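In the two assemblies presented below, chain A is common to both, partnered first by chain B and then by chain C.
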Partner chain A sequence: MVFKKKKLANGLDLIGEVNKSAKSAAVGFFVRTGSRDETKQINGVSHFLEHMLFKGTENLDAFEVNKAFDGTGAQFNAFTSEENTVYYAAVLPEYVIEVTKLWIELMRPALRDEDFNIEKNVIKEEIAMYKDTPSFDVMDRCRSLHFGGHPCGNSVLGGEKSIEDLTVEQMRNYFVTRYAPDNMIFTCAGNFDWGQICSTLETFCLKWQGQAVARKLEHFEGSKKKERIEKSNLACEHICLISPCVSFRDPRRFAAALLSVIVGDNVGSRFFWELVDKALAEVATMQYSPMDGTGALYSYIRCSGKNVSKVLGIVGDIFRSLSHEGITKDELRKAKNKVLSALVIKNELPMGRLLDLGFNWIYLKQYHTIEDDVKAVKAVTVDGVNSLIEQFNPGDFTQFSIGPACNESGQH
Partner chain B sequence: MTEIFDKHILKNGMVILGEPMEAVKSVAFDFMLPAGAAVLAEGCCGAGNVISDWIFRGAGDRNSRQLSDALDGLGLHRAESVGSSHITIGAALEANNLAKALDLYADIILRPRLEEDQFELTKQLAVAGVYSLDDEPRHKVMLKLREQFYPHPLGRSTVGDINELKELNAEKTREIVKNNFYLSQTIFSVAGKYEFDAICRQVENLFETDHQEIREPVMLGPKAGRYTHINNDSAQVHIGLMTETVTPSNDDYYSARMAVSVLSGGMSARLFTEVREKRGLCYAIGARYHGLKDAAGIMCYAGTTPDKAQETLDCIIGEFDRLSDEISEEEIARAKVGLKSSLILQSESSSSRASAIGHDYYMLGRVRSLDEIKDRIETTNVDSVLSFLRKNKLEDFTVLTIGPREVVVG
Partner chain C sequence: MVFKKKKLANGLDLIGEVNKSAKSAAVGFFVRTGSRDETKQINGVSHFLEHMLFKGTENLDAFEVNKAFDGTGAQFNAFTSEENTVYYAAVLPEYVIEVTKLWIELMRPALRDEDFNIEKNVIKEEIAMYKDTPSFDVMDRCRSLHFGGHPCGNSVLGGEKSIEDLTVEQMRNYFVTRYAPDNMIFTCAGNFDWGQICSTLETFCLKWQGQAVARKLEHFEGSKKKERIEKSNLACEHICLISPCVSFRDPRRFAAALLSVIVGDNVGSRFFWELVDKALAEVATMQYSPMDGTGALYSYIRCSGKNVSKVLGIVGDIFRSLSHEGITKDELRKAKNKVLSALVIKNELPMGRLLDLGFNWIYLKQYHTIEDDVKAVKAVTVDGVNSLIEQFNPGDFTQFSIGPACNESGQH
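Right after this comes the complex of A and B.
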């Protein structure tokens, strides 16, 4: 694997990791923008804009864009989070340049009125779909409760009202301030020719102009509020817990990731043994989400209404025992084994590698080999994890629940 | 690209398949145990989910905790699934831990402890799994659709029936494990970095038994209803529909796959273009091929708000109807590139390959090479796909909806 990088005169970063033995390549644009970069008035614009990029340019309509992608056999898509919008494609080596040219072209979209109006319906359907997915809905609502007025609490999808009121003019303005070349990176991984990639990007991207508005960063401890809403059509209680943690730039993020595996991996974790193995909860997991300037531990628990008090009592006990006694050496050893093998397996696919390369560059402006990450995981100590627990006290969390009206009655 | 496949059959009939992959450090394996939802006795719907959890709650010398610790200690990423024909248990891991993992899996398959107190817990979890389906209408609609579409018992729910699960006891479930973890019909597949001779020796030591008689196949009953609606105060109406097509062993299989690709292979395919891009009716819309050994269908999902549900269904059925009228050369060319490229992209993952070779062997009695599949895709053309569609009309839809409003199936 060979790492390559280049910065174009307008600030666009190009990075790549060449692996000639791969059967495919993955390419993508990472844009440093997401719902946290929105105001309340335009909430949802980053994600809506991501949809609109597929609607074409001055020279291509949406159907031509879709045909062009499908003609390369690419597996392509995009996603938007609180702080990044990522456009990617996994493709056979002979189509890498074609797909790259297509993405380049789409990064300067037409944003036509008629496309905007039709796509608004699709966005509203997406919002409705996630309302019918309580495991997602509860996380979204809990994030907003946790972050309160901090911009990381903005919903990625936006609300029905903010989407309804959004104008194409507002979207065009947002585009100009966020899709500036110094706020984007182009990443590629797998089997491709770096020289060809560079000359393609130089030819077509150098004319991109503008400078992005900087993002304000501040760590946030969270509101620690507790709320619950009822929905008559639900059968189970869906609970989300969020507590603050270290940011992506903090080298302790490896310890934080291991902590989340020890507490809430889907098998063999503390949540698993105390809640799932005993059939008190059907699902109980924890994930660490490192972000820009802040971070969070998210737990998701699904159980029957009659078990809610018991489950929350046990969760409290688990966090108390973590604070008082810390983790054990054996727990850390097992968590490392799981994290290390996941790292190896994920990075065997150019698509998996692309995401790690891109995010390391977005947050750190650094290249990390897989071996660097393996070393960093191996270097985490019991004391390192315990001091993280001491500093952030994961038992002091924000909590949001969605469940049926008959909570605690023992009925489904 | 030429691949090598490894194959060895034990005296008892258990099949060992392997696909070496040079570029990876991982290995993945699957045991396909012939205990899927469709092959279980009447009255046990959901037993598969209980079993796939219960067997991990202690096996051989290890209790539940010790077994889990041993698996975690190998950094193993477990995957268990219950399908129509099999319970599949497998894992992906770093290659040097494979032998230790296989020892543990032999205990899990051949010597699970199946203790009474653990049974109650695992049953409660399975029951909770059925209830939680109510909160995932997108998933539930497709599961219910298969139940309605396939001749009984092929579409039997892989999650379970709440009443039958509640009636299930440890003794009955032990019996199912004993009768269905049938080595002569078990397929073991491995892909990635491994040494085949060593695996064969180890699997032979662990799993060789006397020859076992092949069991009778299940008898198929009738199909259920044509349209079913489940009322739910959800934000969207979740629509599932399915129509019959040829099975994977049929000569026309590749024509069926091409037809589905023209309909829903990519973003330029017809359903996405007509339903989402032109009309903005849905966010999620797509159709896919769903094949069992004895029956197969093309299944389609769409989720849309109640006011648009009827228009969405009509538009989808219109596209299915229109497919046999005309297909362009361009559409066929894009479908070919799409199918071939996804084949190669998946071939880089050890888990995908382990699952694909096991699945092939069960369906066809042999493993297809990527070249063979590519050639077969290449031999299809506009005329062959159209003549297939005219011979095998996409009609007689089974439709299922979950939501606040019913639709009319024309």
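Right after this comes the complex of A and C.
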């Protein structure tokens, strides 16, 4: 594994990690923009824009874009989060330059009126579909409740109204500011030739104009509000809990990740033993989401309506015990084992490695080898996790629930 | 890559592919049993049994099982389909033997009454949850409509009633027949020591009793029925189409896989250009599902209620054009490119390789290198795909839809 980096004159960062024994390579553009960089008026524009990039450029229409991807046999996709828009592809080594050129071309989209109007319907259908998916809907609503007016509470998909009202000019303006080269990085991992990558990027990207882009970074404590809505036809109660935690730049993020595994890993966690194993909840998990300048612990619990009070009581007990007695040495040892093996296995595939490389650069401007991250996980102590719990009590959460209509005994 | 195999005296097949340059290893038991091996009375028992294996053995309770997995840091899981129950784990090389011993232990579960009764609630909640998920529900109902009385139409999860009525004795009887060593294989892939694997399996599995197990193998043409149900609160129409196709043992399965990519790959397919790109459907995909003695093409389409007639009209046109004019050379070339790169990239990770190794052995009793499968894909011709379409017309399908109540214009 050899790390490579280069900054182009317009601010575009190129980074890569070469692994000549890999059978494939992964490449991607990471754009430092997402729903938190939107105003309420244009909420959803980042995700909509991600769709529009596949509609073509001055030189290619959507049909030709797809034909070009087909020609490389790439496994490609894109995703938009609160903070990032990522475009990636995994290919056989002989197609790395071809697929890189294609992504470069797509990063300067035509944003045609007619494509915009057609794609608006796709976005609206996607919003409608997620409304049919309570496990997604509850997370989205809880995030908005938790962050209140803070832009991190913006929905990634946007709302029906903001999408309906969005104009193509608003999208074009957003694009120019947010897809500036100094707000993007190009990353590659696996079996590729760094010299060829650099000369390809230099040839085609140097004409992109840099411009300083800002993002407000502030910590946010969360609203700690509790809300519930009812939906007929639902069989289960879906519950989301969010509490504030450290940001991506805080070295305690490894402790936070271990804490989420101890509390809410799929198996073997406190949630698992107290709720899932006892058949009180079907799912009960916690995940740590490190962000830019802030962070959060998200819990998702699904259970039958009759178990809601009992489940929430037990969750309260788990959080109380964490803040009074802390975690144990044995819990930490097991969580480290899980996190370490997941880390190594994920990074074995160029596509998995690409994401870790890219995010470490986006958030930290640092290269971490897998061994660096292994060391950081190993170095976390029981005291480290316990003092994190003391500062960020997971029991002090925002809560949103979506469930069936209350039954006669009104036990919710 | 070096292939290894060994058959134990009781019929248990061990197979492995050693790749010393991998950073991890994957191991798994493949049990040749699933919902198609159930009667209506015990429908759901395979999947329920899969859950029960994690509840422990004579020597270990569920808590100890989880602790043992935690000790290896394994990424482990299991899944049950119509035909197979698969238990797998990916670990760092130093934990391969430990996690193998653990799976061996779990393959002879205690099936305790109290665990059975508690887990029954978990299964019931899982069934309830999937009822809240129309994209899943529609596939399940369509499969049952398509296969009618044929056991391949059995739901993997089972029904509320069959699960409610199931007794632990019925499960124990099912276990003894279906988890016999001559109905299972042990597979490993990646960085491991074959000699150690063999001696571990010999030490602990030879006491398992073999017994001849039967499965009825017959082709089935499908009912070709059409049904629709309404659910209030749904925003979209969910449509599943199923048509019969060749089985796993038929060499034309590669042609069938390519056909499904041409018709319904996520991007660049006929469904994509005619339905998704034109914003008429949000999702429109086709997948080929090769089975034991039979096979099927599954399409899933999600669109807004107002587009249903138009979407189904276009789907009809696509299938008619396929059967009149066939596929083109260019379509086949692109589909091969996609399938080949997906094949190589998936098999790069030991976990991905494990599944291909295991299924090739389960269905064919054959070892195929990645290169063998690459060659088979490359060898498919336009005529090969077209004659497959002639024999198995995808336009002659069973259809199930779940959607919102019809609007006033009654346009569904």
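Note that in this section the second predicted complex is superposed on the first by the 404 of 412 C-alpha atoms of A that agree within 3 Å, B and C clash if a C-alpha of one lies under 4 Å from a C-alpha of the other, contacts with A are read in each partner's own complex, and residues count from 1 in each chain.
To be clear about the criterion, contacts are C-beta pairs under 8 Å (C-beta built on N, C-alpha and C of every residue); 3 or more make two chains touch, one makes a residue touch a chain.
Bear in mind that the values here come from a model prediction, so they are computed numbers and not experimental data.
In the superposition on chain A, A:G326 makes contact with neither chain B nor chain C. Of the two partner chains placed around the shared chain by superposition, neither chain B nor chain C is touched by A:G395. Touch criterion not met for A:G210: it reaches neither chain B nor chain C.
Looking at the shared chain after the overlay, A:G11 reaches neither chain B nor chain C.
In the overlay built on the shared chain, the residue A:S304 is in contact with chain B and with chain C. When the two complexes are overlaid on their common chain A, residue A:G384 makes contact with neither chain B nor chain C.
Touch criterion not met for A:G159: it reaches neither chain B nor chain C.
Across the two superposed structures, the residue set of chain A contacted by chain B and also by chain C is 21-24, 62-63, 66-67, 69-75, 90-92, 95, 118-119, 121-122, 125-126, 128-129, 131-134, 232-236, 267-268, 273, 276-279, 282, 302-304, 334, 337-338, 340-342, 344-345, 348-350. Those residues of chain C that touch chain A in the shared complex are 21-24, 62-63, 66-67, 69-75, 90-92, 95, 118-119, 121-122, 125-126, 128-129, 131-134, 231-236, 267-268, 272-273, 276-279, 282, 302-304, 334, 337-338, 340-342, 344-345, 348-351.
Within the complex formed with chain A, the residues of chain B that make contact are 22-26, 57, 64-65, 68-69, 71-78, 92-94, 120-122, 124-125, 128-129, 131-132, 134-138, 232-236, 238, 265-269, 272-273, 276-284, 303-305, 330, 333-334, 337-338, 340-342, 344-345, 347-351.
Touching chain B in their complex are the following residues of chain A: 21-24, 54, 62-63, 66-67, 69-75, 90-92, 95, 118-126, 128-129, 131-135, 232-236, 238, 267-268, 273, 276-279, 282-283, 302-304, 330, 333-334, 337-338, 340-342, 344-345, 348-350, 412.
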